[in-house]
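Okay, so subunit A shows up in both of these, paired with subunit B first and subunit C after.
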Partner chain A sequence: MSLFFIVALPFFGALLPGLMNAAGRAACAGVTFTVSLAAFIGLLTNLPSVLAGEVVMARVDWIPSLGLNFTLMLDGLGFFFALLILGIGLLIIAYARHYLSRDDNMGEFFTYLLLFQGAMVGIVLSDNVLLLLIFWELTSLSSFLLIGYWKHLPEGRQGARMALAVTGMGGLAMIGGMLILGQIAGSYDLSVILKNRDLIQADPLYVPALILILLGCFTKSAQFPFHFWLPHAMAAPTPVSAYLHSATMVKAGIFLMARMWPVLSGTPEWFTVVTTAGLATMVLGAVIALFKHDLKALLAFSTVSHLGLITMLLGTGTAFGAMAAMFHILNHATFKAALFMSAGIVDHEAHTRDIRRLGGLRRLMPVTFVIATLAALSMAGIPFLNGFLSKEMMLEEATHTVLFGVPWLVPALATFGSLFSAAYCFRLIGHVYLGPVRDDYPAKPHDPGSGLWLPPAILVVPVVAIGIAPFLAEPFVKLVTASVLGGEADVPKAYFKIWHGLVPALFLSVAAVVGGLLLMAVFNPLLRLWETTPRPEAKVIFEAIVEAAAWLSGKLIASLHNGAFTRYAAIGSVAIVAAGFHAWSTGTIALPTRTPQAAGPVPIAGWLMLVAATCGLVFLHRNRLLSLILIGIVGLMVSIGFVFFSAPDLAMTQFTVEVVTIILLLLALNFLPKRTPVESTVLRRVRDVGVAVAGGLATFALAYHYLLRDAVAPPISEFHLANSYKGGGGTNVVNVILVDFRGFDTYGEIIVLGIAALLIYALTETLLSGRVRARLLNRKPDQPQAGDMHPMMMVVLTRVIMPVVLMVGFYIFLRGHNEPGGGFIAGLIVSIAVVMQYMASGFAWASARLKYPYHGVIGAGVLIAGLTGIGSWFVSKPFLTSDFTYVRIPPFQEFELATAALFDLGVFLAVVGAVMLSLESFSRLARRENMPESEHPMDIDPSRDDPPPDEAGSAREAV
Partner chain B sequence: MELLVASAIGVMTAAGLYLVLRLRTFPVILGISLLTYAVNVFLFASGRLTTGAPPVLRDGMTVYADPLPQALVLTAIVISFGMTAVVVMIGLGAFLGSNDDHVDDQPDGEEDGAESTS
Partner chain C sequence: MITASGLMDIAIVFAFVALALGQILCMVRVVLGPTTGDRILALDTMVINALGLVVVLGIHQGVQIYFEVSLLIAMLGFVSTVALARFILRGDIIE
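Our next item is the complex of A and B:
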């Protein structure tokens, strides 16, 4: 099966559990299992190629310009991890089916689980580091969802947040490291990076890249000092703990270290950092684990410890270390997942995970006892179980490792860690399963159904099989090791054997087991000592850091982003002034190159009207209605100015926009106070005048300056003029630019317009559903209302004129490509025609005749424009490439058909929809619940104080 | 003529700034509208001033007004309508919610103002 399918299956499959949720728990789990199984089988079909030593590749260019390609690679290492992820995943799914209670939403759980599985498979199969980073972040996110799956538990939420914060930060650091690595190697493809060991290690940026990448790996794999999130993640349901936090996700960091081993390892920096972190994690985790009373917490810290062990092995940088690491990953995944699942069974049956309240379960739960004991003994390093083999290899490697120039340091610490490791394993067996049967369990424990014990039992099979017959695993582990080494070193010849003779590792191993037993003998005094020793609590430190960071960013945000308009305006103004000052102080002023054009009487008259209206607006702005009329004059003069300066399209747009804007402001003014009171002091007004005049003078000077000078570089307008007819098939260059040359801009533009309209609609809905509604309902008009709500003259006129306006709009639309006009202007004209009906005949009357909701009109417009653009893909052209042709249908003249017209139709619809939706939303505020829904076009407002006598009669006459 | 256009831009900017500094929703909206006019004319003028030569191709014509700023300003006009509408809606909602059309919370009512918006 193609690698794409293996990665894609869990992602697409993630849609299914939610759908199957209603079909029952078995169906839900079944479909998840099937999806995983399909991916698992797909992986196995690639086994022959992998065994033959080939590297299976699959490649699709995604964003080649960024070096981001969807490239997948399957070699021994990737296969090994994918096998663990999908194989253990299958067992976990089966286990979770029986573990989750009826109150849990199973569809949600399995959706998250499949998302995680897909992301994880993506990590191990990625051949592109950027792609790998995307999957890496996806695992952090899906892990967040899974840890917080029991949303009602505060521990779950806190644990999820902590895990996301720590692994997310690590992920960010890793992005930086990977980008550096890609820059050094000149490619983001792993297969290329891995071949450039010398180049990368010689680069001065090698150490920063190494540290950043290791930060990502250490946070993900819970290495000291980032180990603290893992125990808190145990608030997740046990299947999640077993899957993510022991077998797979926490191994992602280790996977990456193994993946990068050929290029990053072997340097003193790598050796010191990785080995030290691994060793510290291993010892610390083991010591803490021994004193944990929560079964899952014990296992969590033991996982931390074992991850440290593997990290240390990778840190040594020798081929034997890498082989031991790979072997231990396999062994740890099997016995630890089994242990977690058995802990889940104990929790499920006895209703407690507290070791102090358990004991004697051997007689009550014999099957679970056998499974857990075999797995725990393997973890302790007892011969004939697989943990013994890899642990002995670890000790063997430790005896050859010299850290900080002290030859005994690593072996001593490794043995010390193993000793505690053995001790907590014995404690797990002894305090939970052995001992006398108690009579105070929270629930009567007994062995569960096979659904719960079978998955861990299956995992125990390889634990024993590899332990007795190590040669079974040897070829596979060596294959994986070969792909880790990547040709940088030879695979070690050493055989996997139980008996190596009387080597130092054996003595250390024996010492660890015996020491573990001795520790158990003095456990109670030790525990008292431990509990009286003060220790730093990681969670408290973490929360203090988070709190400090939140406080700091809160301070920062509150000063910049306090919600006050004035603050934003001030920040913006200061930035603009600073930019202007920079330009002023660094630029030069050339002499004028254009001669000023003489102004005739008409422009001067227009200018006078504009200035008069603007000044009038300033002086009369307290009377709000009057100022609306004045601003209408300003807009009108601006549009006349556009006509004068050869911009007919602009003039038409400005003019029509002016109409709808004034209507909009009138609708708003209906609710607002009609006058602005005098409240600022004279001094303050003088200051404001000063600011305003300074700003005005600056813009004046800037505009005047460039109007008298030619552009510094030739503008691209000549291109548009030359190609408008040839390439775009239209003679109106402005319209061709809009729908063709810069069609993508326009497309974005109509989307923004649509979003603005929807925002207005949403705000209206919010207002109408909140406490404002009561205020609106009880609102008394603050000035006398007109007696006839819908004057007859206006009603008749608007209805007669409607078809004419629509025809004009249609005409303007059609001619737009060659003459001034087009979708924007036509849309505004048609909107005005519709608004007129609302104004004249009333909201209810107009709404009742409305067939299409305005949201739909906006959507249709954006869709039509988008589909027109997509259409060009079918002829292998880039998005929004336009085409045109000339056709003749007798008896008409020859005319042009252009795809741009279809795009313009989309623009037209979006504009109509957006304008109408905005205005309609405003009108809805003015409507009251008790308003009579009159079907008649003309009626009299009954709420008026002095109703005219024969209102019904006059209304009837008018119909 | 350049002087007329440039001074018109300056006058509209100054008036717009003054109105925005009134810090009540309605004058602020009018002020922003004036600033929009000023900015649009400013952008339009970046194509320099040409009379009697609209950028509609005709046989025999060789000089046209610069079409590019026109196309950009056309969309700017339409977008500014959308922006004005949103601002008006926000201002209206704030007034209806608090019966106060100042754009900033007033000092005495600052506490409850902050609570109700958060």
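Our next item is the complex of A and C:
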């Protein structure tokens, strides 16, 4: 099967469990299992070529200009990991089917699990480091969802957040490292990078790249000092812990170290950093694990310890170390997943994971006992089980490793770690399964159905088989090792066998096991000692760091971004004026090339009124209604000015926007005090006046200078004028710019407009469903109300004028491409026509006659505009390429059809929807308790039979 | 002897001056008040005067498209007046 399918199957399959949720739990798990099985079989079909030593490749160019290609590669190492991911994944899915209770949403769980599986397979098969990074981040995200699957548990949410923060941070660092590596090698393809060992190791940026990549690996694989997130991630359901936190995800970091082994390893930096981190993690994890009372916490820390062991082996940089690491990955995945699953069984049956409350389960749960004991003994390093073999190889490698010039350091620490490792394994067996049967378990434990114990049992088979017959695993491990080494070193000749003779590693192994037994004998005093020793609590430190970072960001934001618009405007104006002044005083200014036109009395009158209205606005702005009237005058004069300067388009737009603005502001003013209170000090107001005067004068000076001179460079308007009809098929250049030349901008703008309207809606809805609702409903009008609510004159007038306005809007829309007009103006005109009906007959009456919700209108507009743009893809043109043609349908004259008109329709709908939605949201806020909801368009209607509700009406007004 | 076009020019200038004067007087009313109602009425009159200005401007410059601007002003100019009037009468403009 093509590699693409193996990666894509889990992703596409992730859609299925959610859909199958209604069909029942068995169907849901069944479909997940089938998807995984298909990918697994697909992987196996590639086995012959992998065994033959070939590298299977699949390649599709994605964004070649960035060096990002969808390139997949399957070699021994990738096959090994993919086998673990998909194979153990199958067992986990079967196990989870029986583990999750009926209260858990199984579809959600399996969707996340398949997403994770796909991302993980993607990591191990990627041949492009950028692609690998994408999958890397995807595993962080999907594991976040899986850890936090039990959303009702605070531990789950906190653990998920911690895991995401730590692994996400590492991922960020790794992006940097990978980019450096790609720059050095000149390609982001792994197969190229892996061949450039000398070039990369000689580069001065090698050390930064190494540190950054290792940060990513160490955070993901829970290496010291980033080990603390893994135990907290154990709040996840046990199948997740078994899958992500023992067998697969935490091995991603190790996978990457192995993958990068040929280019990164072998240098002193690599050796020191990786070996030290691994050794520290191994010892620390083992010691902490011994004293954990939670069964899963014990296993979590033991996982940390074993990951450290593997890291240390990779750090040695020798071929034998790499082989031992690969062998231990295999062994650890089998016994640890089995142990997690058995811990899950104990939790599931006894309803507790606290070791102090367990014991004697051997008689009550014999099957689980056998599984857990075999796996735990393997972890302890007991002969005839697979853990013994790789642990002995580790000790063998340790005796040859010299760190910091001290020959005994590594062997001693490795043995010390193994000793504790053996001890916690014995504790697991002894304190959970052996001992007397108790009678105070939270629930009566018994062996579960085969659905729960069969998956771990299957995993125990290779534990025993490899342990007894090591030669079974040898060819495969050597194949994997060969692809790790990548030709940089020869695969070691050493055979896998139980008895190597009386070698030092054997003595160390025996010492570890015996020491472990001795530790168990003195466990109780040791525990008391441990509990009295003070030690740092990782979670507290992490929370403190997060708190401190949040506090610091808050401080930074509060000082830079305090929400006062006056401050931003002042800083902006002063900066712009200063920059402009600098340019003016240092640059050269050409002589004026134009002469000012003489001004007639009428323009001067208009100008005087504009000035008067603006000055009045400045002095009267505290009276809000008055300032609205003055703004109306300013708008009117500006519109006339546009006409005077031959820009009827702008005049129409300005005028309609003016009307809509007044309505919107009046709706808002209903909730505001009628006067603006004095809030700022005199000093501050003086400062603001200074800034405003400087900004205004500077703008005037710039405009005056510019109007008297020609532009330095030819403006783009020449191009627009020349190409408007030729390229865009329209003679109205303004409209062609909007829908064609700058169509993409317009598309973005209508989306922004729609979002803004939806936000207004969301905010008012939140107000109406919150605590403010009661206050809004019981609000009393702040002034005496006069007259009718819905006067007959207004109703009749707006009804008569509505079709006229709609027709004008339609006309202006259609004509827009060639003459002034277009979708934007038409949208505003139509909105005003509809708002008139709201004002005349009231909110309730108009809403009852509303057929399409305004959200839908906005969406339809954006969709139509977008689809018009996409349409040009079908003729192999870039997004939003427009086309036009002429048609003639008798009896009409020949007319033009342009795709731009369809785009304009989208603009039109988005504008109508956005304007109406914001107006409607505001007026929704004004609904009050006991408002008469009339079905009639007007209050007094002589044509109605029923008498006008005079008494009731006056009683209403008195409220 | 005054020609037809000459008479037209005089008429246009007269109309311009009259409308501009009207606008300024409306402005005076906006400033003096005394009630908000007076000011709103003044604004409404200014819209009508502006309509006249656009029409005369169209005749003067001989541009047809200006009449559509005046059409829009005539059709929708009253809406803001009505909204302002509703606001001072009822507080809530959409009830």
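As a convention for this text, the second predicted complex is superposed on the first by the 756 of 959 C-alpha atoms of A that agree within 3 Å, B and C clash if a C-alpha of one lies under 4 Å from a C-alpha of the other, contacts with A are read in each partner's own complex, and residues count from 1 in each chain.
Note that a contact is a pair of C-beta atoms (placed from the backbone, for glycine too) under 8 Å apart; a residue touches a chain by one contact, two chains touch by 3 or more.
Values in this document were obtained by computation on a predicted structure and should not be read as measured data.
Q: Have a look at where A:805 lands relative to subunit B and subunit C in the superposition and call it first, second, both or neither.
A: The answer is second: A:805 touches subunit C but not subunit B.
Q: Check whether A:605 is in contact with subunit B, with subunit C, with both or with neither, and answer first, second, both or neither.
A: After superposing on A, A:605 lies in contact with subunit C but is clear of subunit B.
Q: Would you sort A:626 into first (subunit B), second (subunit C), both or neither based on which partner it touches?
A: second
Q: I'd like to know which partner A:669 touches here: subunit B for first, subunit C for second, both or neither.
A: In the superposition, A:669 touches subunit B and subunit C alike.
Q: Identify which of subunit B and subunit C touches the larger number of residues of subunit A.
A: The partner with more contacted residues on subunit A is B.
Q: Could you say whether A:66 touches subunit B, subunit C, both of them, or neither, answering first, second, both or neither?
A: Touch status of A:66: no partner.
Q: After the superposition on A, what does A:835 contact: first (subunit B), second (subunit C), both or neither?
A: Touch status of A:835: second partner only.
Q: Should A:589 be classified as contacting the first partner (subunit B), the second (subunit C), both, or neither?
A: neither
Q: Could you say whether A:783 touches subunit B, subunit C, both of them, or neither, answering first, second, both or neither?
A: second
Q: Check whether A:682 is in contact with subunit B, with subunit C, with both or with neither, and answer first, second, both or neither.
A: Neither partner.
Q: Identify the residues of subunit A that lie in both the subunit B contact region and the subunit C contact region.
A: Touching subunit B in the first complex and subunit C in the second, residues 628, 644, 646, 648, 669, 819-820 of subunit A appear in both lists.
Q: Which residues, counting only subunit A, touch subunit C once they are in their complex?
A: Touch list, subunit A to subunit C: 600-602, 605-606, 608-609, 612-613, 616, 625-626, 628-630, 632-633, 636-637, 639-640, 643-644, 646, 648, 651-652, 655-656, 658-659, 662-663, 666-667, 669-670, 781-783, 785-787, 789-790, 794, 801, 804-805, 808, 812, 819-820, 829, 832, 835-836, 838-839, 842-843, 919, 923, 926, 931.
Q: Once bound in the complex, which stretches of subunit C touch subunit A?
A: Of all residues in subunit C, those touching subunit A are 16-17, 19-21, 23-24, 27, 30-31, 36, 39-40, 43, 46-47, 50, 53-54, 57, 61, 63, 65-66, 68-69, 71-73, 75-77, 79-80, 82-84, 86-95.
Q: What part of subunit A is in contact with subunit B in the complex they form?
A: Against subunit B, subunit A makes touches at 563-566, 569, 594, 596-599, 603-604, 607, 610-611, 614-615, 617-618, 621, 624, 627-628, 631, 634-635, 638, 641-642, 644-650, 653-654, 657, 660-661, 664-665, 668-669, 671-673, 676, 680, 688-689, 691-693, 695-697, 699-704, 706-708, 710, 715-717, 720-721, 724-725, 731-734, 737-738, 742, 745-746, 749, 752-753, 756-757, 759-760, 763-764, 766-767, 770-772, 775-776, 818-820, 824, 828, 911, 914-915, 918, 921-922, 925.
Q: Note which residues of subunit B are touching subunit A in the complex, please.
A: 1-30, 33-34, 37-38, 40-42, 44-58, 64-68, 70-71, 73-75, 77-86, 88-93, 95-97, 101, 103-105, 114, 117
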